[in-house]
Amino acid sequence: VSPEVRHLSIRTERKVPRLGVMLVGWGGNNGSTFTATLLANRYNIHWESKRGQHSPNWYGSLTQCSTARLGLDHEGCDVHVPLCELLPMVDPNTIEVDGWDISSLNLAEAMERAKVLEPELKKKLRPYLEKMKPRPSIYFPQYIASNQATRADHILQGTTSEMLETIRRDIREMKERVDKVIVVWTANTERFCEILEGINDSADNLLKSIESESSHISPSTLFAVAAILEQCTFINGSPQNTFVPGCEQLAQMKGVFIAGDDFKTGQTKIKSVLADFLVNAGIKPVAIASYNHLGNNDGVNLSAPPQFKSKEVSKSNVIDDIVAANPVLYKEGEKVDHIVVIKYVPYVGDSKRAMDEYTSEILMGGLNTIVVHNTCEDSLLAVPVILDLVVLAELCSRITFKGAADKDYKPFSNILSILGYLCKAPLVQKGAPVVNALTKQRACIENILKACIGLPPEHHMGLDYKLTSIWKDKYANCNGLLNTHHS
Amino acid sequence: VSPEVRHLSIRTERKVPRLGVMLVGWGGNNGSTFTATLLANRYNIHWESKRGQHSPNWYGSLTQCSTARLGLDHEGCDVHVPLCELLPMVDPNTIEVDGWDISSLNLAEAMERAKVLEPELKKKLRPYLEKMKPRPSIYFPQYIASNQATRADHILQGTTSEMLETIRRDIREMKERVDKVIVVWTANTERFCEILEGINDSADNLLKSIESESSHISPSTLFAVAAILEQCTFINGSPQNTFVPGCEQLAQMKGVFIAGDDFKTGQTKIKSVLADFLVNAGIKPVAIASYNHLGNNDGVNLSAPPQFKSKEVSKSNVIDDIVAANPVLYKEGEKVDHIVVIKYVPYVGDSKRAMDEYTSEILMGGLNTIVVHNTCEDSLLAVPVILDLVVLAELCSRITFKGAADKDYKPFSNILSILGYLCKAPLVQKGAPVVNALTKQRACIENILKACIGLPPEHHMGLDYKLTSIWKDKYANCNGLLNTHHS
Amino acid sequence: VSPEVRHLSIRTERKVPRLGVMLVGWGGNNGSTFTATLLANRYNIHWESKRGQHSPNWYGSLTQCSTARLGLDHEGCDVHVPLCELLPMVDPNTIEVDGWDISSLNLAEAMERAKVLEPELKKKLRPYLEKMKPRPSIYFPQYIASNQATRADHILQGTTSEMLETIRRDIREMKERVDKVIVVWTANTERFCEILEGINDSADNLLKSIESESSHISPSTLFAVAAILEQCTFINGSPQNTFVPGCEQLAQMKGVFIAGDDFKTGQTKIKSVLADFLVNAGIKPVAIASYNHLGNNDGVNLSAPPQFKSKEVSKSNVIDDIVAANPVLYKEGEKVDHIVVIKYVPYVGDSKRAMDEYTSEILMGGLNTIVVHNTCEDSLLAVPVILDLVVLAELCSRITFKGAADKDYKPFSNILSILGYLCKAPLVQKGAPVVNALTKQRACIENILKACIGLPPEHHMGLDYKLTSIWKDKYANCNGLLNTHHS
Amino acid sequence: VSPEVRHLSIRTERKVPRLGVMLVGWGGNNGSTFTATLLANRYNIHWESKRGQHSPNWYGSLTQCSTARLGLDHEGCDVHVPLCELLPMVDPNTIEVDGWDISSLNLAEAMERAKVLEPELKKKLRPYLEKMKPRPSIYFPQYIASNQATRADHILQGTTSEMLETIRRDIREMKERVDKVIVVWTANTERFCEILEGINDSADNLLKSIESESSHISPSTLFAVAAILEQCTFINGSPQNTFVPGCEQLAQMKGVFIAGDDFKTGQTKIKSVLADFLVNAGIKPVAIASYNHLGNNDGVNLSAPPQFKSKEVSKSNVIDDIVAANPVLYKEGEKVDHIVVIKYVPYVGDSKRAMDEYTSEILMGGLNTIVVHNTCEDSLLAVPVILDLVVLAELCSRITFKGAADKDYKPFSNILSILGYLCKAPLVQKGAPVVNALTKQRACIENILKACIGLPPEHHMGLDYKLTSIWKDKYANCNGLLNTHHS
């Protein structure tokens, strides 16, 4: 084992642009709740529920509501700041929203349909939201569940190329209102696309297939292509393989950031915590049964097998890296019994329920069984994730790096795997390891942000206190970069 | 924010001594199961349960069964090794056990009483265990529940000073059989001791109080004093304040390591994971209700209010540092509604049950409720924690540090706060922050061990893959110490 | 075994009186929600929550929303009617409410404090409720938790006798507005009263003790005495022993109905179902751990040990009759490990949580473990129970019986044990068995109501269908009284 | 409403025959555990588990371990006796077992494979069980999951008619050893059979189809036909439609008892308790999500969609009668959102887990959520159900009835719907209502048994105590048949 020291300079453009976010599926529960939350925060709208008075917040947002340790204050106490204060980031109150939907409801109507927010809040938001109407969207019935047909009253007509052109024009319109645009797919889960030679396996073939009206191009891929061609970051919040090889290649060629897949919110998020905890404690999970039910339109759509398949795959791999990292507990190739079920139960609406059972082997043939019932309000957990994705993706576009041997500062590679914390199935560079363990994903974000301001990574050793016999005086900053040498 | 670079040299004595572990409460469920597990592993004893054939293991042990990433192999894949292979550590198979108990049962009988292991395993272990008989122990009825009186048939007589002397002689006897002895309190939870001026507030006063037969000295403090006077590391696995100021001072004066309090195993461990996860995700826990019941002798003893009080305090502070680290979610002084209940339910025996409900505020007045039912086999979770405590404490005694300005290598300060991962209420140096968040505690151990072999801390940034545009070639070791500079 | 046939004539007065209900603790969560629900139903008030539009209902009421099988219709199908249609009962919409409280808030303010109902509903109810103000009540600090002192701003002054007289005058005032008055204690749980010779052991002594200002008379007993002396039925909805022997005797002497104790709503109700189910299935519950937490004023008050003690006793006996009825599974004197815990967790408010674990022995040493988490909205479950208690108690006062040898029709004996379904600790005649099993309690009510209209009890044998070879034709009414003879 | 009194004489043959039980799927987990339990009880075999010493029992059996109230003893106390003492029933210790299996393992090997019983118990039972070897069985691959092929090493060859003849001969052989034989299908769940005109729609067509080798006859139907033709009661313990119309007709023509379908053990049993409780309390269940997983061979087989379909149907209708009986809560045609999921999770083996969530509407728009996690040891719950089925079915064959107008005593009609308590999808006479509510099903059995000894049904009115003013003296037997008249 011989470590190697490399030097890296990081530069962060400090001017924060006006950001426009365009949502595909704007009128869905996520889209309408995201928009409502932005406005409630911007206009500081208060409301009453049966539990009392409420004020708007961004609870559940990594950037707005979680903190990092900056160092010590003059009295030797830890100073924690919200992540969004480590570096200049977009203020949510300044974000402009726009988007598309296959349903023609305006955002006020969409918010009513969603049944996510309290009556008084909805009433106060209505004047703002009823002026917002999604642009018509792309509807290819074969990609989403047939039960979505009744919603699809607001769809683009014409050839695929014409649709692509319309979407690009929509984006360009938005660009005139703001400095930078990010496009987020928060629409229905589509079925998986087959990867076909000559069709979607290269950027070139993909563009040709669009022109030739191939039926193998999904709406989400079309939106991604439109965003890439307009030099806009595209984030995929659903599990399907939007980023077919041709699409990934196109993004690389154009130097456009892409990120995904599938917002990580409730059950999967907690599983990537618990499984990691257990394995890191030397305990061996052997069976994980995960059941979900929900009653919103996501649930309706997922009740169709091909769409569920996309979701199942996305949710299934979450423990793979955790298992692979412990060859003491798991022999090569050994698998955990892991099942994932999602069912549609209309009554519960947006109040998604997750029920999990973790069975683990402990000492000497013993078993530990952990049963979790989690009432995850679906959209209320997803909306801050959407915010974090766009805020962090925007920030990433202002960070550049220069290695010791380099002449110029260069950006992140175009697949933003740093956003893995926010995604169930993190998209990574070819050949790169997929990290699902949540604490590692969070450390990645936190430590990179700290590196941008010249702080060393958090190592949690706390040696100042453990070695008081050596360091008599308390140092002003125990975040000091520690160079250890062994002998 | 201005970090400061300090250099530190670390030296680890590589010769591993023969280790003797002396358990106070040897015949309890933890003590007997620990001994049985050691022997089953040493002699590779197999057994059958209704689920099939079993072989011995150390599942649940951080040092034996969890891994750390060492670097990359020649094919660029991560290499993970068990923590116990990072540095030379005591092999569990070589540990000698001895101890005291207020009950006269030999270890075979104690194992039967515990009802923790399978019949066939117990049968095979009996020949070894029936030769092991605890030494008589100290029984001061006012410190433990009155229901323990029936067990107390094997107790030291005489003055307190005589008892102290007997314990010291016992330790010296053990020292003749091995190279190093560690004493672990795994006996009953005692009631808290009042800290009294002139009695237990200084090393001197403490020793005088022992001589003068003060009723304010608990058995656990007496055992700690005996160990310290014999230069043996003492670990407190129960929640009471064994380490009264006088005891702590004595340890410091004698340069003896102490650690505690209260083995962290089931409910508290998972709580220090979940609460940390939630707060770090920007979600605000507002109410945590924690219920436990168990039916072993620990449960009997804790059914008395003063003993339960010790436990309740130990379990209550586990989220304090997590809350304090997030001033965005929690205003200064704001508290989580947090209750902890432990009940005695004889039927469940050693199969402790923990039921928790976490209520958290999420976006826009929403609530997230997580309900956990955890079947924690009490002793099976505690035994590997005991092993880790003695193995790591022994290792710590072989590590020394030298700062840039120092002449000599010096040891850890004598309170081993590095063992916080294994303790519900981590004992720390005066003035040092208490860390309860489990992932931070684990990172502390892992990164210090790595530092001992010259590896930098794990930062999880994965920049090799995120910056492929810069570093064309894959480096052989992405663990390389990264010096980042911002501009 | 030789059964004996007895004949009994039952007469039910069909004229339904105007009913007045007087609540002690009117401004509490139960009292204010009961009043709000009555009014919302009477005025058919609709409201919106985030889940959509709501109309008022009496869900959770046995009399209004559960059904009994009446017989078969012309097509041979079962006909089910709500219990309240079996016999003439008071229509909830006609009930007048009045009451007392130690807090001076009017009912609109009390409803706000309760945080039970939705904002829009509260707004619509406010005009009605703000006119309703509780009468001052009796506050003896030693009977309820000291934390209630801050609420007690509206209390009667003077001697105990004067207070009694005031309460009696209040009742008489109410009687002028309606035909019949029932008084219900829905106030705080008091601590238990000692039964003392010469103080509260006979009606006479009790009345004398009141005159002599004895400190051994609780407020709830005083209210009961006032109601009894005014010939009004008194129902005790809390667990304390309001009905000391002197009080019980007084009710008997005056021929006044009394009933109680402690509304049976959430955890205990389901326990009296599940334990009964298990034992009746030949499965042996061996350990039941029941944990509760709530954050309303009931929770505050119960956080004091003497008040909790009353509740614990009330909740503890619920499985005794079930166990006693199965001498195959339980040897004489054998007990189930049964614990009950109630904790105050402010944040959850009126949304009481119950967590239970049932461990049962099944075949051949196997164990069955049932874990239940129950989100019981405390007042929303209690209010329909209060309604059922007053509606059924009123009905009972119109039913009379005549045995074959009797000359006159006579009423129920004065302890209304028929209301056991609605009470955690059913009050019964001296010597009578206490039935806690919920299905038996419900059958009792249903079969007595049916008997009042000449229908035989429900026997569930369904012989019409099982013996089709005998009875070729389908009978018009399979409820027919079956006289079976064996040979 | 006008009840009608009918008189019925019941005669029970008191001589109990030697009973032989033939199990299809003898070597499965149910079959092997049933046999092992019979033998352990017969030979009073004790064993040790880690929890201590165990003796054999029939916990979970309605007939052996649950009780009925017989009346009062001389001191006025209730006398409860086990159901099996109400009437002469087969003693389990005298039952002879035989059967068929597609796997050739002897019963000792089958017991090992099942992993249900403790090692010491298995060791002691082995000498008895290894002599027992299933007869070869019928394997039509299209009826069960393809994953069963590897087990199928012990199957009948030849034409369908030849197989039928072999099975009949097997039964006749058994009949020589005992007085009466009952055949129970406890083998794999088959896919549903289509009902086809001319094939299986009449007894005649069914027999012809067997002769003509039709592929539309399932193995379970063939076994049923064999049993019927041999005048043996046939019970179907799996969910498939074994009793196609032709089979039902054949049983009727031959006057042979049939019963089924699908043993009711864990999740469905408790659901038929909880849903009934809620609706009977006036609470409205609106969504029930039921998840199961198990790891035994039943789970393997059910992982194939057609087999799961049979199970899903069987489990889905359990609340239908409960909902239909309450037109106050449910409008005509209104349905509860009800989903049932079963998954195969190998690790948990026979330790089936059921996780249910019940969401109910309560007062004024409130919601009650009950979450249940149930660790149901699959075979340990099923085996006593099998015992009850054969014991009660045998008893039923000795009971005859005579109406007032009849000349002769006649038996139960040939579909034993009285066994509904033990079946998930109770088979009933055409036109008869299906009762799923567990308490009604139990009352049916208990009251019929009581009627057989001349006792009136249990009405739970307890009037003796409620009317003490009338009946001064305590009657010797409050079970007295109560004739009530209203006026």
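Per-chain numbering from 1; labels A, B, C and D assigned in written order.
Following the convention adopted for this analysis, a contact is a pair of C-beta atoms (placed from the backbone, for glycine too) under 8 Å apart; a residue touches a chain by one contact, two chains touch by 3 or more.
Here the structure is a predicted model, which means the values were calculated and not measured.
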- Task: Compare the contact pairs of C-D with those of each option in B-D, A-D or A-B, and report the one where over half match by residue number.
- Result: A-B
- Note on the structure: When B-C and A-C are ranked by contacting C-beta pairs, first place goes to B-C
- If you average the Cα atoms of chain A and of chain C to get two centres, how far apart are those centres in Å? 51
- Approximate Å spacing (C-alpha centroids) for the pair chain A, chain B: 37
- Could you list the positions in chain A whose residues touch two or more of the other chains? 49, 51, 117-118, 369, 371, 373
- Message: Touching residues of chain B toward chain C in the complex: what are they?
- Response: 286-287, 289, 291, 293, 295, 337, 339, 341, 343-348, 353, 355, 357, 359, 371, 373
- Residue positions on chain A within touch of chain C in the complex are 48-52, 115-120, 122, 349, 371, 373
